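Letters A, B, C, D and E name the chains as they come in the text, with residue numbers starting at 1 for each one.
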Amino acid sequence: MSRQIHAFPGGVHPPENKDQSSHNPIALPPLPAELTLPLNQHSGAPAKPVVSVGDKVLKGQLLAKANGFVSAPVHAPTSGTITAIEVCPVPHPSGLEEPCIILQSDGEDRWAELEPVTDYTAAAKDLLLQKIHDAGVVGLGGAGFPAAVKMASRTEDKIHTVVVNGAECEPYITADDRLMRERADKIVGGILILRHLLNPKEIIIGIEDNKPEAVDAMRAACKGKNIEVAVVPTRYPSGDAQRLIYLLTGKEVPNDARSVDIGILCYNVGTLAAVHDAIVEGKPLISRITTLTGEALKQPQNVEALIGTPADHLLEFSGLKKRKLHSLVLGGPMMGHTLERTDMPVLKTTNCLIAATWEEFPPAPTPQECIRCGLCSEACPVSLLPQQLYWHSKAENHDQLNHHNLFDCIECGACAYVCPSAIPLVQYYRASKGEIRQLQAKQQKAEYSKKRFEDRQARLEAEKAAREAKRKANAERAAQLKKEKAAAAANPAAAKPEDSAKADEVKAALARATARKATEGKAGRPQLSAKQKELKIQLSMVKAQLKKSERALADAKGSEETNAQLQTNIDKLKAQVATLEKEFEQAAQAPVAAAPEQPAKKAKPVLNEQQKKLKIESAMARAAVKKAQRALDEAGKSAANIDELKQTLQQAQTKADELEAAMKAAADAPAPEPAADKPVKKPKPALSDAQKKLKIEAAMARAAVKKAQRALDEAGDTPELKQALQQAQEKAAEVEAAMQAAAEAPEPAPAEEKPARKAKPVLSDAQKKLKIEAAMARAAVKKAQRALDEAGDDPELKQALQQAQAKAAELEAAMQAAAEAPAPEPEPTPAPAAEKPARKAKPVLSDEQKKLKIEAAMARAAVKKAQRALDDAGEDAANIDELKQTLQQAQAAADAAAEALDKASA
Amino acid sequence: MASPTPEAREITLNGLWNNNPALVQLLGLCPLLGVSNSVVNALGLGLATILVLAGSNLVVSLIRHQVNDAIRLPVFVMVIAALTTCVELLMQAFTYELYQILGIFIPLIVTNCSILGRADAFASKHPPGAAVLDGLMMGAGFALVLVVLGALRESIGQGTLFANMHLLFGPVAKSWSVVLVQDYKQFLFAILPPGAFFFMGLLIAVKNIVDNRISEAKKATQDKPSTGSKRVRVTGTVS
Amino acid sequence: MEIVLYAVGALLLLALVCGAILGFASERFKVEGDPIVDQINALLPQTQCGQCGHPGCRPYAESIANGEAINRCPPGGQATINALADLLDVEAVPLDDEHGEEKPPMVAYIREDECIGCTKCIQACPVDAILGAAKQMHTVIVSECTGCDLCVEPCPVDCIDMVPLEVTTRNWKWDKPLAPDMIIATDRGGQTA
Amino acid sequence: MALIRQTSPHTRGAETTSRVMQLVMLAALPGLLVTTAMFGWGTFINLIWISLIAVGSEALVARLRKRPVAFYLRDYSALVTAVLLALALPPLAPWWLTLIGTAFAIIVAKHLYGGLGQNPFNPAMVGYVLLLISFPADMVNWLPAAGTPGYETLSFGQSLQAIFPFLGGNLDYDAITMATALDVVRENSSLTWSELQATNAALGGTFAGKGWEWVNIAYLAGGLFLLYRKVFTWHAPVGMLGALIVMSLVFKNGSGSDTHGTVLFHLLSGATMLGAFFIVTDPVSGATSNRGRLIFGAGVGILVYVIRAWGGYPDAVAFAVLLMNMAAPTIDYYTQPRTYGHKKPRKGLAKPEDR
Amino acid sequence: MADPITQLVLILVSTILVNNFVLVQFLGLCPFMGVSGKLETAMGMSLATTFVLTLASVCSYITFEYILQPLGLEFLKTLTFILVIAVVVQFTEMVVHKTSPILYKVLGVFLPLITSNCAVLGVALLNSNRMDSTLLDSALYGFGAAVGFSLVLVLFAAMRERIAAADVPLPFRGGAIAMVTAALMSLAFMGFTGLIKL
């Protein structure tokens, strides 16, 4: 009885090249030292690791569990230790990395306890399915669709035909051929399990007629089991599931459905063998048959490779001629993709590795233009018009691509194989598919964003309406009250005694408040603050105007007439600002003199403040290191910059070192101080906060080091960089040490409650502002650097940048000094005797600081502006001179400010 | 009326080159290709078109405030049609032979001019002076292309230039005809419809090339406009 | 003279008849609504970034419907321009770089250690993609972020970066083959002649 | 280790574009030989002259566009155009005529559209039609076939002189040229078929026009060879010849005075076979799918007959091909094959629901 | 030219092929060049034009035959025809808009453009120029012209879609290559010369 074979249209018959590997039996390579197990070896969601680094695992033990419905678990292919769970390069056409589990083999290859099902006919079907799923069995033909999911997708009586795919149509590959020849019984075992599960009417094994031995072996194994072995003609791509289904049954799978929808399931022979192993032996899928072939191998053969084995291990085993190796193809020559390195792991779907020489897979010739000869459409197994698809793909005409059924293309490569113009057609289709998918995603996101935007608008609208309503209500209530009041005034007699009592109470409260105010006013502060406030408002208004004009100036760069005008305007405004500031300063100073307050509470904050200061510094250092490291990252690509970067990094490190030292000192210092003080509850949380921050910092430093390391990886073997990295690492270690010290140190720090509470806010405010400033300065420098990056190697710009950096450094130093300044003062304060001067000194400083801060802010703004201009100048070389000048001016201003700040803090 | 103001210069430049109706906007192609097989035909229609365009622009500009928006277009079309009829009658009277040759393309100036859209786009928004200048220049740009095309086709197709000019300018012009090549074997392609399309295509390409050169030269001297300068904030930033 | 009267009369008659027909038709066959704005809006990327010079995508869609240039949307890039050209049946033109350049998809990233919790970026975000509260550090919900970079400028400490969307094996796509352009140079590459 | 990265498939078939072109030229050889044998050395000389112009034009354009010249020339497509043009033009077409035609074909019809593979019209036919409408008189100057009583074939030298008149010699064109059989039938001036045959030597062939029948049979042989080598599919030639047969059967008006000629006469006259196997099969300017090619070929066949029978030009293959070239993209829209898994083939325009 | 059927067929063949309005008579070139970048829009345009052209040629025939000619006002024909055409177009647009939104979606954008299509006015004028034509003749003439216009418009649009992806030299991209293509199409249409002697 022979089945009618339905020929599909198209197809090609490339040279088979199967003889090289098909004559040798399946070999067992030695155990590799290390296995890399990607978490995503199947289609669907990646698995979720259930082990952690350092765990010892046994062969067959679950390492990662399936995560979601369409997903598959990963098991340990041998016994050993988990050394890492990290992103590693995986065999993917993109060459990108994916999370993997790294397993160090212990050489014992010790099995975990297995739980085979002795009699599957007696077992529950759900249990069997679960078992197959838990064993991590996926389609071994190439797609890697989880096998159990496919089985469970339809209830048993819906599947009438099971097609077993032994066609293996790609040239070179003989893995299934060897499997069928040597392990036909296992395959049949798997088929029988499948029959038990699904109860199909028909089971057909399709094998191409170039594998007579496999046909014989399968026929022998199937004898008397009502399984049909059908021989199909050798024509690529008959091994494609839908092609094979058509060959054997004459049925087409509709384009918007899967084969299960028409009652047909198709499994690769390897998958069925794995199903057999999973049920009968209880073994999870931890190895597979992989063909090793290609001219660059001494002994092409099939091996049973453990999943995760590095490819070079296997190639070595087959006698790789390294000097002849030109390209390494994973999969067959028609659909496989090249690997750029040989240490990629074998996956569950890796059916073949071709170590090809130059002669074997020569680089593609330069494509000529398509002459629409139509050979491609003759070869297309799904009756597409590849030449039209190519044309539309080139024109990016997505509508037409869809219309020409681009998404029905199976990327078999038959068209590109026959193309006389050597056009890489498949790549065009893949690229267009990707583009269309991306656009669709974009479209969806746009829809979604639109909805969110509209929601937000609606919300804002509603809020506004609510506010409006509230305001109205308030107004109404006020009106009501007024009316009532009027009414009350009209007949006071009506007022109840209780009410008047209440009123009295209110009055009393008010009186009290005024009294308090008065006393406080006497104390000096509030009065000043009123004046100050006024001045401040004025100042800020003028400043805003100044800023506006400056921006206008920046915008107006082109027209010179307006320029002068604006400039004078700005000058005027600046002058105004200066006078205002002076006034402000005076005002601020005035009250200080009149501020004889209670014995101040200053002692405590000092310590606290020092810590804080150090924290800020360390944050700055951290930022600098980070910056340097980011630069280092980038340097991975341009080796030219390395020297410069190294320098920067070193500078940053020295800075960091200094800071650490300071911090250590600080951490050490406070320890003895508070010993005398009462233990209190307050400080503790504060400390813990600081600790937390330090911890975060340390974590970040670590991350930075890691990044640097990665950059180093990319940059290749630059000893200098390595050194830099080591230094960075050391620094990180030191930071951590410092942190520990800090964490230990401050515990005893607390002092009296009262003073602490009062003093803290003052200091912390000033510091915060300083911090913000520092951050802004940093940002400015960074921007400048970015501009530099863009501008390429313009020495002038570089100089400008260096100056800016120097300025920033100065500013920072100044700030440091300013922050430090108050520190020594209060040292003697534990004694109440010294209170007065301390109190006095403090506000003065703070005011001056403020003034300086404003100046600094202005300078900063100028620098920022200049740098933004510099940014723009990345494209326009003509403006550079002008900009440089501006920048220099700005820097001069900044320098002046910094100087002043210095002086003040001194 | 055509004072050399920058505005007038711009109008002139637009009409003759930058926004040339025939080469850039690909408008008025029908008569352009239909009658451009000799210089005399081209010139005849070109002059007629200039006349109608300038006249209609003037009229439309004069009545632009009186015309209701809803019936604007029909009124303009009617104005153009009236003027065209006048020109048609004039040609019938004075250059009857040419009128016969140009045939249907004279009344078709109506659609041509309404396509040029100057009445609606320009004249209805500008004072009469500018409108007339615009009409003249647009018409001149059109006529220029027409004549160049005519000269090209006539010289390549027949080997002559300015033949039969007397049809337009009277017997004086009979001697204007220039024979470029003696015993020229007619290259019918140039005279037949395909040649009209082809030479028009060449003219457009030549203009593209010249424009490219100009813009490249400009690019070398001018600096780039700042990018991303027209941004508007959607959301409140600092409230 | 008679003919002039006839002419005027005939034209008058014609004009009257025509006017009557049109008037009748405009009353009888009146239709409202202009769906074109919605169609245009559906093609815009909805980043609401304002780079086109309009406060939001819909206003731009409205002004496109009124004849504004279609090449002012940098986030949409050439794809959007082409789609709009297709819809409106006009020539597709290159992006107007006065409004910005086309960039790969970006997301905002807040360097959290530098964030001072000012909430300015939250107010700036058109799609509520930033989480946070006053004095608390903020963070960007990557899946919601449209990459409009409206949050960058308001930040007083410049702690927001626009970073390109990370490429993973899941969203990676093949590039178009380069080879033909390398040897068979085409003018699409921007060369002349 | 630096392994190269390239896209699948990693192996390729042996066919190349230049080989296809070479095969086409090879297949045209019998036709060339027979033409030379029948009508003298003119065609042969023209072939060389036209090839020079074609290659020169191709190189010129490549230079102007700053493209690699050698790469352009290596695909032989310019030569194929040259061969087709040379075979289609009258043997004694003067040099300037062929120069205009060839340069126009290569530069305008081919390279203005971007060169190989991108031209919507068949360049050789564009060149031919251009000459036909521009210089109708020169284009009907065909020679009498060898063996026609009262004429002798021109020697090589004579042919050379005829083509390049400045080389000296003065041939009396009118004495040596003769209308083709198709011309004779078109201008039959109310003679019956047998009368025509009796009065016109051009119609003195065994099946059709004298000499022409053998030329056409040679092209047929070359075409069958290409078909055998799978350079093209059978659809377009069969479509064209089939339609021509049907048309000439339907409109055959006996052998009376309003005859349009017999079936065989149409099949073996003029450029029928050259068209059917060398021009209609041009993949670049033809339809894409097999069904489309069948329609394309049939269209050519019908138009050939219509223009031959009622039109103003004696041979119509070039016009018919250009007209169908024009329709080819539209035909492509409506003749997509049914893709696997789809119930119906996609047709016409891209519709929104395709997405 | 005796029997009317032959006469009608001849008119059709003549207007569609031999004297094709676009490629041979240079009428209706503006929409031909301007709109035909896409097959889809070309189809819409063809449909709209076919409808309007037929209707307009009938209407203008009536006005000419029954108003202008009896009154001896032939010189007013340009004026009246353009008026009639504008009204027909406007009217059609309104009716279609109301009655068939789908058809309006297809035709809508193109309808106003037809007013400025010289082919419409051209057909009306040519009709009036010919002696002793009947109403049916005029309608058929308009219809044939429109079909010829549609034919080349659609073919041209499909070709332009293909050319859009071709590596056309920069100066020729856009209008110039479209013109050259039209030239070659016109060249091909020359083949119909002499097919019918009207």
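In the analysis below, a contact is a pair of C-beta atoms (placed from the backbone, for glycine too) under 8 Å apart; a residue touches a chain by one contact, two chains touch by 3 or more.
From a predicted model like this one, the values you see are computed outputs, not experimental measurements.
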*Give me the ID of the chain with the smallest distance between its Cα centroid and the all-protein Cα centroid.*
C
_Which chain has its C-alpha centroid farthest away from the centroid of chain E?_
A
*Please indicate which chain is farthest from chain B, where distance is taken between mean Cα coordinates of the chains.*
A
*Which chains are joined by the largest number of contacting C-beta pairs?*
A-D
*Geometric centre distance via CA averages, chain D-chain C, whole Å*: 50
*If you average the Cα atoms of chain B and of chain E to get two centres, how far apart are those centres in Å?*
23
*When the centre of a chain is set as the mean of its C-alpha atoms, what distance in Å lies between chain B and chain D?*
41
*asked:* How many angstrom lie between the centres of chain A and chain E, each centre taken as the mean Cα position?
replied: 61
*asked:* Using the touch definition from the top, which residues of chain E touch two or more other chains?
replied: 76, 79, 83, 161-162, 167-170, 172-174, 177, 180, 184, 187, 189-190
_Residues of chain B that contact two or more other chains, please._
189, 192, 194, 198, 212, 224, 226
*Counting only residues that touch at least 2 other chains, which ones in chain C make the list?*
48, 56, 86, 126, 174, 177, 183-184, 186-187, 191-193
_Interfacial residue positions of chain C with respect to chain E in the complex_ = 3, 6-7, 10-11, 13-15, 18, 21-22, 25-26, 28-31, 86, 89, 91, 186-188, 191-193
*In their shared complex, at which residues does chain A touch chain E?*
369, 391-392, 394-395, 397, 400
*Contact residues on chain C for chain A in the complex?*
41-42, 44-48, 56-57, 79, 82, 86, 105, 113-114, 116, 126-129, 144, 146, 156-159, 167-169, 171-177, 179-180, 182-184
*chain B residues within the chain D interface of the complex*: 185-189, 192, 194, 198
*Interfacial residue positions of chain E with respect to chain C in the complex*: 35, 37-38, 41, 63, 67-68, 71-73, 76, 79-80, 83-84, 87, 90-91, 94-95, 97-99, 109, 167-170, 173-174
